[in-house]
Structures are given as C-alpha cells and as structure tokens.
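By written order: A, B, C and D. Residues from 1 in each chain.
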Amino acid sequence: MKHDSLVIAGREFSSRFFLGTGRYPNPFVQNEAIKAAGAEILTFAIRRVNLESPGEDAILQHLDSTAFTYLPNTSGASNAEEAVRIARLAKASGISDWIKVEISANEKTLLPDPIETLKATEILVKEGFTVLPYTSDDPVLAKRLEEAGAAAVMPGGSPIGTGLGILNPYNIGLIVEEANVPIIVDAGLGAASDVTQAMELGVDGVLMNTPVAKAKDPVRMAQAMKLAIEAGRLAYKAGRIPKKPYATASSQLESFIVK
Amino acid sequence: MKHDSLVIAGREFSSRFFLGTGRYPNPFVQNEAIKAAGAEILTFAIRRVNLESPGEDAILQHLDSTAFTYLPNTSGASNAEEAVRIARLAKASGISDWIKVEISANEKTLLPDPIETLKATEILVKEGFTVLPYTSDDPVLAKRLEEAGAAAVMPGGSPIGTGLGILNPYNIGLIVEEANVPIIVDAGLGAASDVTQAMELGVDGVLMNTPVAKAKDPVRMAQAMKLAIEAGRLAYKAGRIPKKPYATASSQLESFIVK
Amino acid sequence: MKHDSLVIAGREFSSRFFLGTGRYPNPFVQNEAIKAAGAEILTFAIRRVNLESPGEDAILQHLDSTAFTYLPNTSGASNAEEAVRIARLAKASGISDWIKVEISANEKTLLPDPIETLKATEILVKEGFTVLPYTSDDPVLAKRLEEAGAAAVMPGGSPIGTGLGILNPYNIGLIVEEANVPIIVDAGLGAASDVTQAMELGVDGVLMNTPVAKAKDPVRMAQAMKLAIEAGRLAYKAGRIPKKPYATASSQLESFIVK
Amino acid sequence: MKHDSLVIAGREFSSRFFLGTGRYPNPFVQNEAIKAAGAEILTFAIRRVNLESPGEDAILQHLDSTAFTYLPNTSGASNAEEAVRIARLAKASGISDWIKVEISANEKTLLPDPIETLKATEILVKEGFTVLPYTSDDPVLAKRLEEAGAAAVMPGGSPIGTGLGILNPYNIGLIVEEANVPIIVDAGLGAASDVTQAMELGVDGVLMNTPVAKAKDPVRMAQAMKLAIEAGRLAYKAGRIPKKPYATASSQLESFIVK
C-alpha cells in the first residue's frame, strides 16, 4: 500500500497513530511504547511542560525532537482566551506552531466546548498556527471547524480516558463523508477493535494516550494498536462485503459431488 | 510474543487464521490471498472436491498440500449420518482425518443443528477423527462438544456469509471463559474490527471465507484480516484499560505550570 | 386491538405477561405487583412449593388459583430425568399439567442445556403435558422443540437475573420468523425498553421475575412492564417506519411560504 | 403516579408526547392520531402555515387551538437571522410565542447548526420568547443552551426522519444528568422501544412526527408511542435492577423441597 500516507498541512506521515505522552509508568516504558507504536506525532499538555526550559522536561528530554512532530495541546483551558494564551506560549518557547485546541469547562467529562473551540480555532488559524481542534462528534461543528481553517479535525469517540470506544459510529462516518481535511478520532478509545472500527469508518488516524499508557503491558499494547490501525486502514481500502440478513453458503452448492 | 502458538490436537500453528477456499474470483487471487493471510489451515467442502482424484481438483491442485493442514468440512449434510459419511469419504480418499463438522437443515440461515452436530461429533471422535464442530454460540452446547472430544469448538458469530459480525459477544466470552480446548469463531464475520473484537474476547482463532474472497480486493483484505488477528491477540495479551463512566484527564492536572 | 389474544394449547389469554412469583420483598407486594401486571399466567419453581399441601405454600396461598394459569417450572433440574420427575410431581399434586421445562447444569449462568431440554420436552409431550421449554436463542433448537410438540417456545434474552436484556435480537427475530407456536422471551430482561423491543421483534409474550420483584418499586415496575408489553405489541402491529441513512424533513419543504 | 407532570416555562402538561403535524396521509388520520397520542403540544413548521390566515391553514383549521399548546418551529432556516425572523412572524400572527429553534444548513442530514442555534436562542430569549432549541446530543452545547435561557433543550436521537433511534444513549444520559430544565428527545426515533429507552434515560418527553405519521397504521402507532412513553417514565421512576455479568436464580434455591 505505497503512497497511502497521511498529509496534514503539507507534512507527510507514514504513521496514522497520534500518541499521547502522559500517564506512563516511567520514561523507559514511555520510550519503548513510542517505538512500538511507530508514532511520528506526539501530543502532550503545554501546562505540563516547563516552558522556560523544555529540554529539561521530564518527558520531552527523553525524546529526540527531530524525529517527531510535536502536537502540544491546550488542555486545562476552559475558554478560547486561555487556549489562545497557551498556544502562544508554546510557540514562543519554540516547542511547536502546531496546536491541538482542547477546551473544556466540565471537569467531570472533559468534553470539549464547541463554541469556545471554534472561536479559538478561528483566532489561532489567523495567527498562522497549524490548528487541530479536539471536538465533539457533531458533524455540523466538524464542518465549521474545517471552514475556519483547521488543518485536521479531531472528533472524540467518547469522553477522554473512559475507554468507551466510539459511542456514535454513525456520526464519525458522516464527518468523514463530508470532510475535506483529515479526520482523526481523538479520545475515548479503549480496545484495539475500537481502533480498527475507527479506521474502517474511513478516518485518517487516531489519537490515543490512556489505552496505551495504562494498559497492563503498555509496550505490547502500543504494538497492538499500531497493527489495529494498519488492519483497519487496509480493510477500508480493500472494501468489505455488504451485510446480508440471511446466510449464503461460502462453498458452491452447485458442485456438490458426493453421491 | 514468542511461544504464543495455537495448538490443536497436538499440532502447533503460528497463524490463528483459518481460511476458506471457496468463492474467490479465480485461483490466482485465491493463492495470493492465502499467502497474504499467512494461513496454515485451509478449509473447504468435501462435496466440492473430486474425491477420486483430489490432486486434480480445481482448487486443491493449486496448493502445496505439504504446506497446509487441510480441514475439510461436511457442509451440505443435513444430519449426523450424512456428515459422518462425508467425513469417512474424506479420510478414505487421503485428504485428511481432520474434519469440520457442519450440519444444517435450514437452507435460509445454514445455522448448525445442535443435536445432530453433537451426535456426529461423538461418532467421529470415537472413530479417531480430529473433530472441529461448527456450532451456534450456545455456551452449554459448546461445553458438551468439548466433553464429547472435540479438538476445538467453532461457534458462529452470525449466519455464514452475512457479514453481521459477532451478534452476541457476551456468549462468545462465556464460551472462552469455560473452555479447555481452543475456541475458533467461525462464520458471520465481515469487518476487520469484527476479527479484532473476536480475538480480544479471548478466542484462539477465527475462520473466514466470504469476507476475504468477496471483498473488493481479496488479497489486500486477507492481509488486513491477518493484521486484525494479530492486533486483537496482542491487545488481549496486553490487558486493556477498564471502561469508566466519566472522563479522566490523560495529562496530569496536578502539574499545571502555566501561570 | 380486539381479538389480539394469545392462545397457548387452546387456552386464550388477554395478557402477554408471564410473571414469576419469586424474590418479592413480601407477599403483599407480590400480590399488588401481580395485580398491576395484569398477569394471567404465573410461574414458580416446583421445588419451592410444598407439594403435599400446596394450599399452604407461602406464596400460592395468597393467590386465587382459579384466576390464574399456573406454569410451574423445573428449575433445579440438571438433566431430563430430574425435570421429568419434577413435572410428574407437580401434576400428581394437582398444581398443573402445564410445565415450563428448565434444565441447567451450570450454576454460574443457569443457561439451559439444549440436549436435555429437548429430551425432557419429548418425554413430557408424550405424557400429555402442555410443555413450554426454556431454551437458548438458538433458532434451530427452537424449531426442534416446536417439532417435538412444545406448546410454546421460550428463548432467553440473556442469562436469568442478569438484566442484560436481549443480547441477540437477530436470533429472536429469526425464531419468530420460523415459528408456528407462540414465542415467549424468558430470562434476562431488565428494562421496560427490553420488553418493548422484544414485542416489536414479534414475540408473543415475555416472562419476567427479577426485573419486577427486585426493582426499587416492584408494583410500579409491574405496571411499567405491562405498558411496555402493550406498547411493543401495538407498535409491532402498527408497522414501524423503515430506517434510512439520511434525514428527510418531516415538514413539507415544497410548501414553504415565508417570503 | 400523580403529580408527575411536565412543567415548561410555568405551564403544566400531563402528556410527555410532543407531536408533529406533518406528513399524515390526510387530516382525518392526523386528528385521530393526535387524539390517540393524547398529545398536548403540537409542533409544525411556520413556513408551512399561511401566516396571514392561520385559521384556514390546511392542518391547523382541523384543530381546536384552545386544547393545545402550539410549538411552531423554524425549520427551513439556515442561520440565526432567518430563524429569528420566522419566530417573529409566528408571534406577530398570533400563533404562539413558544418557538422551537431549528436551524440547519445541511440538506442531507438536516442536523442542527450548534453555533447558529445558540445565537438564535440568545436573541429570542431576550425578546421574551419561550425557546425550545433543537440541538445535537453534545452535552456541553445542551448546557450552553440552558444557560442562554432555553425553557427546555431538545437533543436529537439521530437525524430527523431516519428512524435510527438514539445513536448515543450515553450522551443523552449525560445531558439529563446535568440539566436543570426539561430535556426532550427530538428527531430520529423510529420504534416504540426507542421511546421507552429515551424515557428510561430520564428525559422529560419526546417529540415525534415521522414515526407516527408514516407508520403503516398511524393512529395505532400514536397509541403505541403514548404507552411507550408511559412505560418508560414509570420504569424510570420504579428503579430498574442492576445489570450483572452472571445469572442468579430467581427462585430460592435454599428452599428446594423435592426429595
């Protein structure tokens, strides 16, 4: 499957696995998981990074920054203003001008605020950021974010960290159907089958953190998720059989020869 | 993941993919699909094979019989007596003493008859066959088949050829939980995510035919399914995160440092 | 909806609610729940009843036996022989010659044994009982039980007492499609929506015990379940709209008149 | 269940069934369906009504306006401005100062635009309307609409007219959990079991049109839906049993007395 690369804002990736860097048991496991995942894009909360000296950050210092595209996120922001401020800090400190807009005012669900997310996306696009907003699975909002200049749109499968998978595959499918930018399912995935399902719905990639970092064996799970992405992508390209209400024999009945 | 091999009746397999040989567009595509699948066990209907000269059979003649374990099936049989007769013919003609018992009297659904399947299994086990019965997802029946000496038990996900996936994951999980022989999900799978889900439920392998042979691109789909099996198996071993009703941030809120 | 009565073995019922009599907080609540349910058929375990003087049984003594059809069950039986013995005891003691065959050897799941259930049904039908076997949702087995002379067939939605609802609506639908005797969903229901769904699948009635007896308010739940049955039955008769992938306006766009 | 009335903007209703008036075969069937539904709130598109003489409108002329609360909707509006204009026209013509805000720019899905819906709600609340916005199932947006002064919030189960039911019960449950105003599920329902499920999730009412008007027997379906609402509401109040992974006998094993 040559040339089936993911392109975001003109940058080409061979992996479709966006990996979060939080919550691993220790930096060694984190590094091994990143390797096993084959991830090229890493995401982390800006607030977690010591912006004055990011090179000394507990997590980033273990990584070779030239090998990855960093996608810092604005988690912790509860409105557009805060998100914009965090994004600017990240850019000013030289980490990245890619930004995952993540805005929530609800501590229980951490679900994204649609209004503030759109507002922040509009502002940051105008300021020249490459913006990837984390949003709900609302198809109309996904379209509005694309129209606002998002480089990719990242609908959640279910609330972050829940492992509930894709609660509404129909909506994810609609979003893909209408999209002109890459769609990345972000948040809520738990199982490898959730990931394969996402890819079969036609999304361009998935972002995970908890399902890998908090698995019993994070490194092996990173590898499982990598394969799940590839399996789902290949299956999507290969064109599945239609569903039928009744059986059909898979062996040709007509050539029955036992007398 | 060394040593994670599948053992059935003392024979060891590195692949967990049982592949059917019917319904491919042509023998070339069939052969390429078998290669892409990495399958070591091939299944086909006895009635379809010219038992007097199996080497000239349209399908089998293209395969190197020493490289595969053949699992002929008794499809077309509508009761135990017919299935037993077909199995004996297969053995007598030198094809295999492994047999997949497949008995159905319902042409619309091709669902297996539980009573006749158990009866045929009991008889064939006594005659020295290695018996792998195709059965419904009834957990009690699966146990009865194991007790009757089945080398592996093969519950269906949904009616053969429908692509409806695993209609009752709960039952498949129960069957796995109680089993002392390998459990192979047989029939009804359609998507790569169905396959990954099956493996995450803890089954030991999957059998497919239509989802590969009738995909738009059978060879690519064979590869997708191979990866889906590996992803699901790895994820099962790696131990998924529990499901939670509410979100938890995957970035450590406590270390918020942006002032 | 006149004349939409349920007929089993020539007896006519206006209610489609089979109610179990176990596990209520006390006899008063039980009686009120039975009234609220409008149930005409009551089921209970023979082993629970003092067969020498059923009139003094803690539960039955509170009921007017002429107002109900009693459907004693053989729960506790782990094979056909035990079930047959229990059924004969029930008949001999004058309780009823209707019998719900319920045979399980698995204490964890209490799932019915398909082989023993069929065997007991065959024997009891020959002895003149009106037999309603509790079975799995295996469509082939359901048909075999009908052919053996069952007056109605009672597939489970999920294991008894779990409240998991109908795990495999497809199978229940298939069973209905092929049946010539009433189909009663028995076991596993938890919610009123499970009940409505069952009825919309075309089943002829439902049997419940735990969902009513162990609800926070059993009497109110009995009434809810009664309405849920009626709603589902009416909806089944009324013919639902087909599912569509996309929207259609329910207001006529063509007659837009605001200028 | 006395006193379990629905209160919106200080007005009390004994029915929880919001019924649309479009798409019926003819006015007679419509009227009979309204009666069978017991609906007290009727909804229709303003654009469909001849605003200069609503009394002569093909649909409204058949209804006794004093017996119902009219909830005109703004369907056809593709932005806040258009919706506001339609609402003002409805009010000026004396139909109602209750308004269901319905704004969509996507003709294929007719899904509501979250940004424009919030904007129109804010404006119309300030103008003194009783505003019930139709929105997606995004829990954050539902909360924002409540904060903007919506008298009730109406999340969709799935796209209007599809009959796909509640695609994301989790989100509907979250919305209910956080709400301080009535939540009415609007759009996408198809089956009576969808309705019962909605009510069991704790919503305060449901709005339907197509599932009734386009059923094979609309009048009978109206009655089915009425019962489904009552069943779900009662069940919600009665407190369902918890789901369990394994069975428990509903008959008391300890009192086994058959020797």
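The rule is simple: a contact is a pair of C-beta atoms (placed from the backbone, for glycine too) under 8 Å apart; a residue touches a chain by one contact, two chains touch by 3 or more.
Note that the structure is predicted; figures quoted are calculated from it, not measured.
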Intersection of contact partners for chain A and chain D:
none
Tell me the angle, as a multiple of 5 degrees, of the rotation that maps chain A onto chain B over the C-alpha atoms.
180
Expressed in whole Å, how far the mean CA point of chain C lies from that of chain D is 32
Per the centroid of Cα atoms for each chain, what is the distance between chain B and chain D, given in Å?
46
Here the gap between chain B and chain C, centre to centre from mean Cα coordinates and rounded to Å, is 34
Could you check chain B for residues that touch two or more other chains and list them?
109, 111, 164
Which residues of chain B touch chain A in the complex?
1, 20, 22-23, 44-51, 73, 75-76, 85-86, 89, 108-111, 159-164, 190-193, 195-197, 200, 209-211, 213-218, 220-221, 223-228, 230-232, 234-235, 237-253, 255-258
Looking at the complex, which residues from chain A come into contact with chain D?
104-106, 109, 111-115, 118, 136-141, 143-144, 158, 164, 167-168, 170-171, 174, 178
